[in-house]
Amino acid sequence: MAFENKRARSLRIAYIGGGSRGWAWGFMKDLAMDGDMEGEVRLYDIDQEAAKRNEIIGGRISAHPNALSRWSYNTASSLKNALTGADFVVISILPGTFKEMRCDVHEPEKFGIYQSVGDSTGPGGLMRALRTIPMFVEIAEAVKAFCPEAWVINYTNPMSLCINTLYEIFPGIKAFGCCHEVFGTQKLLCSMLADQCGIEGAGREQIKTNVLGINHFTWFDKASFEGIDLFPIYHEFSEKYYNTGFTKDKDDNWMNSSFNSSHRVKLDLFRRYGLIAAAGDRHLAEFMPPWYLKDPETAQSWKFGLTTVDWREKDLEEKLDRSRRLAKGEEEIELSGSGEEGHLLIKALLGLGDMISNVNIPNLGQIPNLPLGAVVETNALFRYDYIAPVFAGEMPDNVLALTMPHVINQKNILKAAINCDPSLAFSAFMNDPLVKLLPEEGKALFKSMIEGTAAFLPDKWKRHI
Amino acid sequence: MAFENKRARSLRIAYIGGGSRGWAWGFMKDLAMDGDMEGEVRLYDIDQEAAKRNEIIGGRISAHPNALSRWSYNTASSLKNALTGADFVVISILPGTFKEMRCDVHEPEKFGIYQSVGDSTGPGGLMRALRTIPMFVEIAEAVKAFCPEAWVINYTNPMSLCINTLYEIFPGIKAFGCCHEVFGTQKLLCSMLADQCGIEGAGREQIKTNVLGINHFTWFDKASFEGIDLFPIYHEFSEKYYNTGFTKDKDDNWMNSSFNSSHRVKLDLFRRYGLIAAAGDRHLAEFMPPWYLKDPETAQSWKFGLTTVDWREKDLEEKLDRSRRLAKGEEEIELSGSGEEGHLLIKALLGLGDMISNVNIPNLGQIPNLPLGAVVETNALFRYDYIAPVFAGEMPDNVLALTMPHVINQKNILKAAINCDPSLAFSAFMNDPLVKLLPEEGKALFKSMIEGTAAFLPDKWKRHI
Amino acid sequence: MAFENKRARSLRIAYIGGGSRGWAWGFMKDLAMDGDMEGEVRLYDIDQEAAKRNEIIGGRISAHPNALSRWSYNTASSLKNALTGADFVVISILPGTFKEMRCDVHEPEKFGIYQSVGDSTGPGGLMRALRTIPMFVEIAEAVKAFCPEAWVINYTNPMSLCINTLYEIFPGIKAFGCCHEVFGTQKLLCSMLADQCGIEGAGREQIKTNVLGINHFTWFDKASFEGIDLFPIYHEFSEKYYNTGFTKDKDDNWMNSSFNSSHRVKLDLFRRYGLIAAAGDRHLAEFMPPWYLKDPETAQSWKFGLTTVDWREKDLEEKLDRSRRLAKGEEEIELSGSGEEGHLLIKALLGLGDMISNVNIPNLGQIPNLPLGAVVETNALFRYDYIAPVFAGEMPDNVLALTMPHVINQKNILKAAINCDPSLAFSAFMNDPLVKLLPEEGKALFKSMIEGTAAFLPDKWKRHI
Amino acid sequence: MAFENKRARSLRIAYIGGGSRGWAWGFMKDLAMDGDMEGEVRLYDIDQEAAKRNEIIGGRISAHPNALSRWSYNTASSLKNALTGADFVVISILPGTFKEMRCDVHEPEKFGIYQSVGDSTGPGGLMRALRTIPMFVEIAEAVKAFCPEAWVINYTNPMSLCINTLYEIFPGIKAFGCCHEVFGTQKLLCSMLADQCGIEGAGREQIKTNVLGINHFTWFDKASFEGIDLFPIYHEFSEKYYNTGFTKDKDDNWMNSSFNSSHRVKLDLFRRYGLIAAAGDRHLAEFMPPWYLKDPETAQSWKFGLTTVDWREKDLEEKLDRSRRLAKGEEEIELSGSGEEGHLLIKALLGLGDMISNVNIPNLGQIPNLPLGAVVETNALFRYDYIAPVFAGEMPDNVLALTMPHVINQKNILKAAINCDPSLAFSAFMNDPLVKLLPEEGKALFKSMIEGTAAFLPDKWKRHI
């Protein structure tokens, strides 16, 4: 990498999960629309064919007449090839297949446990973690070996545990996790401004929030817009829409379109705990006891959807079709921003301007009453070659009571996954707030879920199954 | 107080709850059987008549021909009179009446929540805390005003919250909480030594343990007897008796006779978590999710009893009868040790010999992964005018996961009780592992339990009911 | 305060030390040149006449044709009148007179101790602290009583101890300390860029630094400019100018003109410790052992000046003259920025845009290896009604070794000043790195310095003198 | 090792520095006089001849008619042979020769720096550390390789840095450091009891103290004897003997005979800081600024001796003579206790009875305001296979100010020694309170001292010399 007229040239970005649809395309477009950087993206994916298709699509995006910069896209044949010499590494992988995901999400339903996503917490999140952590062990070791100075940006879930694994294996890694759930809540506050105060057109970046918590179970204890404290307004807002839900903020970003909710869970949490929960209702509900997820009817009454794997499969099929059309040039490239911040954070780390944004990194004390080293989500300052968390303050004790069990569970899951320790994994499983089973029932579910994900577990697990 | 020939003379002990049966009598006998101290005990009780009866009984005990020291017993008409000039303060009160306790224990049963004791945790423990904390606020203020240098020994439950309240209100207080549950587990290890190794006659003081946890949910991570590591033996023991339970350690101390268990819960916890749980099964079961307390049949299958309030009322009646007989001289005084250590700890604090014993005090770092200030139970060194906790080490993460929710709940309950904050109290209520209700069910139970204990709540609570 | 078209109106600022020359005028001009805020400034000073003159001067500044906003200036007759209703409080006072300052600076010279400023550390800083802390006790109590929600900005030295006092007396205070020494070092880096790299015109705000340390003994462990790491360049720079000093960065701001140095101390510290010391040489030298301040010749060889009180008196006289001319309208008002950031931080706290700047506040963990609560200087995020420190990281152990003695000394000085404890004050005195005396010599100097400052000490001190 | 009738048999103790005179003989006698343990001692020394002589002397001691146990003594030809299978490891080595020690102690005198011992702190302690740490690196690696479960007892100075090295290299090591300086101060308190209160015959074990600090700069903040607070008595004692010193406690233990002082430094420290300094004056004086060590006359006026290396050489010669006589049987063995506790702590660790004693181990929080991991000296509980520090509490801030510079210096010295970093070592050198030199003078002394110890430094140092 080198600067030329304040423009970063010859930047090398490794994209692990480079066959990804959607995420990868959005990132390619964000790069193309930004005139401050140029270079090469190396796409690595265990599905080489998908990576190859993205190589073509990336090339088309970069060649778009409105593109402000030129990027070359190349498929990397190995992790080593992707990483060697990389300045930045983006990770966005699907750990396992929809078969495993089906088991994660739907197997617990046989025991009366419903999950709206199943990728971060709950029995599904735990199983996904058990198979994802070994992959991140491999990635961390490869980064250590081939590009120890590179910045690593992760988008994969379970976010907290992915980041935790990277630091556990390579403590010197410069990694962080990005998630747009906080953005969604900032957008809700923009909609609220319009609805309650008649203030139209506020951008979500103008909503200034203090972020604290863990990924997908994140909170605001401060929120303002140009000198206006948003808490009293949110209070009125929650009273007004608590029963009906609020649905005027439909998001037409493809990534979120099927995930809309009416924010009833969020408003209920505000009334109970006094903070603004800063993630989608589907995520929030899973971190709580099964108040909102007792059964599908309950979820429906709270007006949020359970994302089925059937839906995911159908969605994937459409994306695959689109992928083929885009690669063949049968569909026009439309240049539009993804709303994600990855490329902006890259620029900040290159020294092209400070950024304050929410990020998932190990706790260095930014949340003093969560354990040091636990991966937390708070604001951070992004600058030339460093990220410094912004002190977020203590979690209020009532919210801490909800959060701490997850933090401890994550630590135990990490240890269980790295050591292939089913007894510790089961103890974490039984501690999950969604799991209200007797030990013998729990054991049965745990066993069948482990079997369902076994294809992606290290061999050491096999003897326990 | 003054020393004369290495004997402490003119010691002044205030006994709050001085009308207590059983506890008070045991303490009086322990004092009488010890030749190193002499002085006055001032009995204070809101039931003055009971205190007066104990004044007579205390006099009879002190006059026993085998008594090694002489103590005078006097009823104090006020807390101020009891405390002024006191060197030591003993607190052993019943917060509320059996009416409130009936509600604590049995009201939740209507919602499918069963409790084996209901005085430390669970819905019952929480309600008991809400009415006990204001009493301890009053005691702490009185100690601060009338005997700030006195050592305060508490026996009242909920232990952790009582101690927490004393330090919250008067941070300079020299208070600690004593509990014999650890002793019971040490005795079990003695019985195990006899059963497994043929070693008879080991005293529980010879069982050296590292104690860590919170009261009634306490653990040993080290246990030895004269250079023998007891963990491998306990492992065999747990395999042998896991199914049938172990019942060869019947305790004939009156205080425990009706509370025997077969230790199946304890053995199950060992198999799951690898540590020796160091409290009676009845207590341990309540701190866990309702695995052992799903319903009365489940508890029975784990072979421990649910202590009903009916039983308590019958027990009290017998003790009242005995109290009258003892006061009238119709029953002989029998001098025998209580097995408690209160008087020994007093001697250690007077400088008459070091003691190492388990104690409940705020965490100064003795358990580094529990929050500072939380009341924890570990070993401590007792010496002339100071108690220094012995470093107990970190709780293993799997046991931490079980413990931390209670620690945070206690902090919230303390705050809720002191500020009369029903919303925070309800949030703690819903966080209790025994409470697996939907919010609206929880609300109904909470409301009826608050009403059931309202007679002993500060007026400020009234408007919330 | 209220917003009108994104402009803050009716802002109320209390200025304690409102008769100040220089500082106050700069602040008045900064306000006038900023179009985003308007309101009233209440000038409070024990020298009422000076405040009155500044009332007139402030009026003239506000009436300047180029002023972008209108501020009214009023003299307040009491602290209470100044503070009641204030949104912001600025503190910029001279604790004591030049008589005391003469003793602070010059009395130690009789014992071979030379100081270049004598207001932050060393015997002079300590004595100044002893008389300043009681004044800040009074201010803290007044803020608590009259405007507990106001933001308090301090410019007075000794900075760390002033801020520490405010928080010690009123823990809920929203106070912070601003200092321009860091700015000066950023400007030096700009000059270096020109000198070494031919990059002209860089603004000091463009120099991105990670700031850590305590006021006037502050360090950068990261520094960059538009993606260029400045450390290798500073390394070359230090080799080049170590012997001669670097003098091409003459600062023509009146506030600094007499304070120029050649940065030899700074370059020496870099060579020894590897970090960029971020304060003027005159300040840095005083925090070290007397390597640079052994005697006036040594200081001269390091090419920095000892600020004498004679100079200060002459400087004051000139300013007083100017003050009279300005008040009488005999001298034109020139509108120009002061280079200070106070007004910008006020805007950020009003919600008019985020700021990242260095600030002195209690350590919440931003420097994990300095004690919590110690007042440290790091970057912080300034936002609508809150300041959140940016995590600065641990001080390297070699620099920690230099810093920690001052941190502990400050704690002891604070305690000694609040409790009027001469024995503790003397123990801090003897611990100062500049004081290399035997106890009996130290005692003699301490005594004569206490006498020299006694006019401004609380009566309780008197009996110790 | 195995128990037989509560007696530990077949214990294996490795003695590193097994050719030592004095220390080794005392330990051998302590073992012989104790009937609870038996086994083998393997003597390892780089001076094989000395080890062989001690093998014979050990045999004679064990064969003494009054010996209560039989131990076999064998010379080990390598560290590996000594350690393999060891249950306990004793380290008592002389790092380097008297040639190096002469440089440590006397070279600084050329620069006006006087040291009374020169083995723990000051320029001498630092140099000794630089050559000792590599030896302890080797020992730690050997323990890890050959007997990772063994308990390691160190007697070598600089104590704190030796223990620190062991844990730095092998974090799982079970090591601790024993020092009798605290015992000496407890004996002084016994003498005081006789002198002030007419209480004769108190044993030093009966003096109950709370110990806090670092080795050779240790303090009591609590001290009692059978319920008597010793602080008011020590206050009177210090007033009485401050001027003349107290000399009625002559110690006739050979190990201390030449080291007597009159405790004037100790009494002066009490008057200044309010705590009882708990080490010999010769040690205490070195940790302070050169108040007591300005020059030999000053030391004499404080009535403590500077231990010259001439004296040490003469002392060694006598011991060597004695060693030959003992080995040849020309001198009778006299069985008498050494006053050390090593053998008692071994018994406690075997499970033969709890011990509370002062010990040097890494800070786990026993002194909350010293950094975690720093080696501190406090009380600890010794029990079957574990040592748990007793919470000692915070150091008062005035004493903390004296202690913290040494703690930070030790960390830097450890790092410098392990990394062979002369620049960091020099920065620690200049930070030592005894070193009041300008950098260029310091450099000259540092250089000549490094040369003086170079024979025992790793090769990597060579290129820096």
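Annotations
Letters A, B, C and D mark the chains as written, and numbering starts fresh at 1 in each.
To be clear about the criterion, contacts are C-beta pairs under 8 Å (C-beta built on N, C-alpha and C of every residue); 3 or more make two chains touch, one makes a residue touch a chain.
Every value quoted in this text rests on a predicted model; they were computed, and no experiment measured them.
If you take chain A and chain C together, no chain is in touch with both.
Any chain that touches chain C and also touches chain D would be listed here, but there is none. Of all chains, the one whose CA centroid is most distant from that of chain B is C.
The geometric centre of chain A is 46 Å away from that of chain B, both derived from CA atoms. One simple way to say how far apart two chains are is to compare their mean CA positions; for chain B and chain C this gives 55 Å.
If you average the CA atoms of chain B and of chain D, the two centres end up 44 Å from each other. Annotation for chain C: no residues touch 2 or more other chains. In terms of inter-chain touching, the protein chains here make up one closed cycle, each touching precisely two others. Every pair of chains in contact is given here: A-B, A-C, B-D, C-D.
By the touch criterion given at the top, residues 3, 6, 8, 208, 210, 222, 224-229, 350-352, 354, 356, 364-366, 368, 379, 381, 383-386, 388-393 of chain D touch chain B in their complex.
Looking at the complex, you find that chain A touches chain B at residues 272-273, 289, 291, 294, 369, 371, 397-398, 400-402, 404-405, 408-409, 411-412, 415, 423-424, 427-428, 430-431, 436, 438-439.
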